[in-house]
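What follows is a pair of complexes built around subunit A, which joins subunit B in one and subunit C in the other.
Our next item is the complex of A and B:
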């Protein structure tokens, strides 16, 4: 394995991701685990596991932290927002300007990236769970399905029930009443994915989205959401190889850039 | 302005000296008119420790400023005020004014102020007659009738304080002060008597180190009120320097000077000659031109619109203002907040991301 020369740590609300990269910006080490309530300790523990980078004394290579818990890393490390990090990671992976849609566990972002990889504009959802990965987690769990299986059900349905709520609490009760009215779980699932896609699409329009569209974050793995977003925005979505790691990867690239400066 | 007395101290002192207190709600009114009757206007903008007792009495889509003001009333925080003054700034405050007419005990008068939704001589004449009507109301309440000369003296004192505030705003971002300290000083205009504000402001201007250039990325802050104050710390921490202010509580009350020999005309001209403001219904083109000229004079790189959720006057203007500034190469960020809540993590992220895009 090539030596880790820079590290990106993305302490998200749902999962914590760490990436180590080599001199040429290639991911040579990665880890992902559910975010624990004691985020600081978790970050310290994970940073100490990076091969050849300092052990329990902490990394000797540059680190950039991002994500919800970015301010919990040791102050000697640099902190950069998820917006810049996702843009940096995706730009390097796809090598294109365009519009990046990042659907994370607790928030969704739309980031417009220019030809040099810089952030031109961005929009984020409000602080509630509507329009985020959490919305689908909650409704899928209510149906006793995994998020992936719930998405597959949506794609298998030729019909779609109109769901008027993207508020997680209200959507859950609307879903229960639709089930009670005898609607198929497949068409309800499609309706729920549609509601989320519409919300994210309107966020994208408000940010002045331009083609091509790209996606990162855990939400990029959701096939139904991706298909319905393409349908709502009228353009194909391109994915990086590891969508969920793009925040950490971008952070590592920024750490590398800083070390080289 | 470390030695600036608190609201409680100022109110107690004014009462001890035989004066009355008026609780005044946002945004525009004439301080001089109240002071001529020895009534100290103390402004209430919600936020802070006002709590949420007002929520149960108002629709969920009422802004947090109005909810905070009602909470302050219901929890007895305004008990020292002998009268309330409610400018008809927006539908929400107008609604609150009607609620107060029912809720407030008859011994504590509620005085509305109707502001013209226009500019020009007709608007000045309307405003002057409105101020005359309030004069009559205050005369009835206090049993005194200050002369025109008394009114002009009161206006002069306020002009003096306004010119100190203008000097502070002119130097904003170049005074070596954290944003929170700057706003604490500027916003003490909301309760300090004019002469005390002017003296404290002058002291601040004399004793604060001035920088050649702002320490951070120069930004313009627009909105209604910078509450909760953590938002100011977040801007500092992200590396922004507020160099231009367009807050309703502050820069939009950087009033014009007038030499009108009729005191009512003078007060009206000063209020209506202030910077264009959404809460006075001034045309969006004038608002935009004002922001563009502020931005260019202070070499602003980004404008942060720190808006109160459900604030209709602001919401109507926002898209055009943002578009106009963006077209002039100034990045914009709109943040929507409930001033009774702590700023969310997302707010900090948006501010930091904005600054990163400018790095």
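Our next item is the complex of A and C:
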């Protein structure tokens, strides 16, 4: 295995991701686990597990931290927001300008990227879990399904129930009342994914989205969300190889760039 | 005012109060002059006249505390014509300013909650909720707020004030003067000016009746003259921000604007701004920036987030960003040229029709474009204020057009001017940091 020369740590609200890259910017080490309440200790523990990177003394190679927990890493490490990191990671992976949609655990972002890979504009959901991965986690759990199985149900349904609420809490109660009215789980699931896709599409349009569309974050793994987003925005979505790791990967690339500077 | 009350008023305000406040000012000036008294490495020490500002504001509220001894009290909206009230000797109180003071002193949340407990919707403007909460509980950070004898509500800033002031009129059982200002999609028509002027003339009659005296035309002209002088000086103060490095930021202006809002038409306001301008000119000459190292310059749109002014100011200064101007503070200076002391009623009708909030969103975009150029701003922060819809409407389009047509990146920042519960530190910090990363690239 190539040596890790730079590390990106993405301490998100739902999962924590670490990526180690080689000199040529290729991912040579990665880890992902649910974010623990003691984020600082978790980050220190994970940083110590990176092969050949200092052990318990902490990494000897440059580190860039991102995500909501970015301020919890040692102050010697640089902190960069997930907007810049996701844009950097995805641009390197897909090598294209366009609009990146990142559906994370507790927020969603639309990032417009220029031809040089820089962020031109961005928009995020505000003070509300509507339009985020959490929305689907909550509704899928209510149906006792995994998020992936719940998405598959949505795609299997030719019918779609209109869900008027994008509020996570109210959508859950609306879903329960639709079940009580006898609607099929499949068509409710499709309706819920549609509501989420519409919300994100509206965010994308407000940010002045331009083609091609790209996706990152855990939400990119959701086939139903992806299909309905393509439908709402009228364009195909391109995916990087490891969408969920793009924040950490971008952070590692920035660490490498800084080390080279 | 009886002779005994007159004596008591002057003893408490002019003699004891003024002396104590003067002493406090000297103390402040002495403390500021001590080496090492300023610790922030990213922000320049406050201007030397800052203790005078504190003295002015404290004296204003002190006058309010003793107003019951004989002065009539008017509560007015921030955009209301005030010169005729000043000329009639009223003590003028601005509930919006008072609410902002509550916000700065971290009292607005409990006062908003008190209003909500009384049945007012959390969707109502947080200034209105703070003010109503203060009226209902009697709680205030300024000692005591005097009861109004008359209310003056001008609709040139929003429509919420209409309902807010009706609530106040009902609560205090006092006359309510409403001055309706037709919205200006383009220019003010002669008819619109005549309509507002007629209402002003009616307002004077009510205010004279409540005050028990007649309006002296010379006094009105004098108050109007002071208003114009103060507005002109305020504009020049803000224009100092065009210098690199900017000797004053919009964060500073949010505090220094208190006199232009609540003490318009007074001679001491003119004196204060003349002193502030002189000091800023000196700072310009010496290239002293309000932010120690100024790398980027931003324009702010909308009201401040009163409960986070310091936090935001320190965060930007640490990143070497100076907030060089704001459309909000600009609103109190840009109309100075329309004020004509020789035609006080006609010019008031024109001036009070033209605030930025009484004009179309196209006008605001034009103002922002001009300010981006004049102040050489690298970007714009548009505060999307949950509590101020008239100011926030159109901001998504404005953000996109600023970026596309001017190449000035613009950030939409969701917050609330006075309700900390509608503000998320972490979310704002992430958005601001990402925006600054975008500017730094």
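Note that the second predicted complex is superposed on the first by the 261 of 261 C-alpha atoms of A that agree within 3 Å, B and C clash if a C-alpha of one lies under 4 Å from a C-alpha of the other, contacts with A are read in each partner's own complex, and residues count from 1 in each chain.
The criterion applied here is as follows: a residue touches a chain if its C-beta (ideal position, glycine included) is under 8 Å from a C-beta of that chain, and two chains touch if they have at least 3 such contacts.
Quick caveat: nothing in here was measured; it's all calculated off a predicted structure.
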When subunit B and subunit C are modelled together on subunit A, clash or fit: clash
Subunit B versus subunit C as contact partner of A:81, first or second or both or neither: both
Most subunit A residues touched (candidates subunit B, subunit C): C
Contacts of A:118 with subunit B and subunit C, given as first, second, both or neither: both
Contacts of A:51 with subunit B and subunit C, given as first, second, both or neither: neither
Which of subunit B and subunit C A:34 touches, first, second, both or neither: neither
Subunit C-contacting residues of subunit A that also contact subunit B: 68, 80-84, 107, 118-120, 122, 124, 126-127
In the complex, subunit B residues that touch subunit A: 336, 344-346, 349-350, 352-353, 356-357
Residues of subunit C touching subunit A in the complex: 396, 400, 403-404, 409, 412, 414, 422, 424, 426-427, 430-431, 433-434, 437-438, 441
Complex interface listing, subunit A residues touching subunit B: 68, 80-84, 107, 118-120, 122, 124, 126-127
Residues on subunit A engaged by subunit C in the complex (per definition of touch): 68, 80-84, 107, 118-124, 126-127, 206, 208
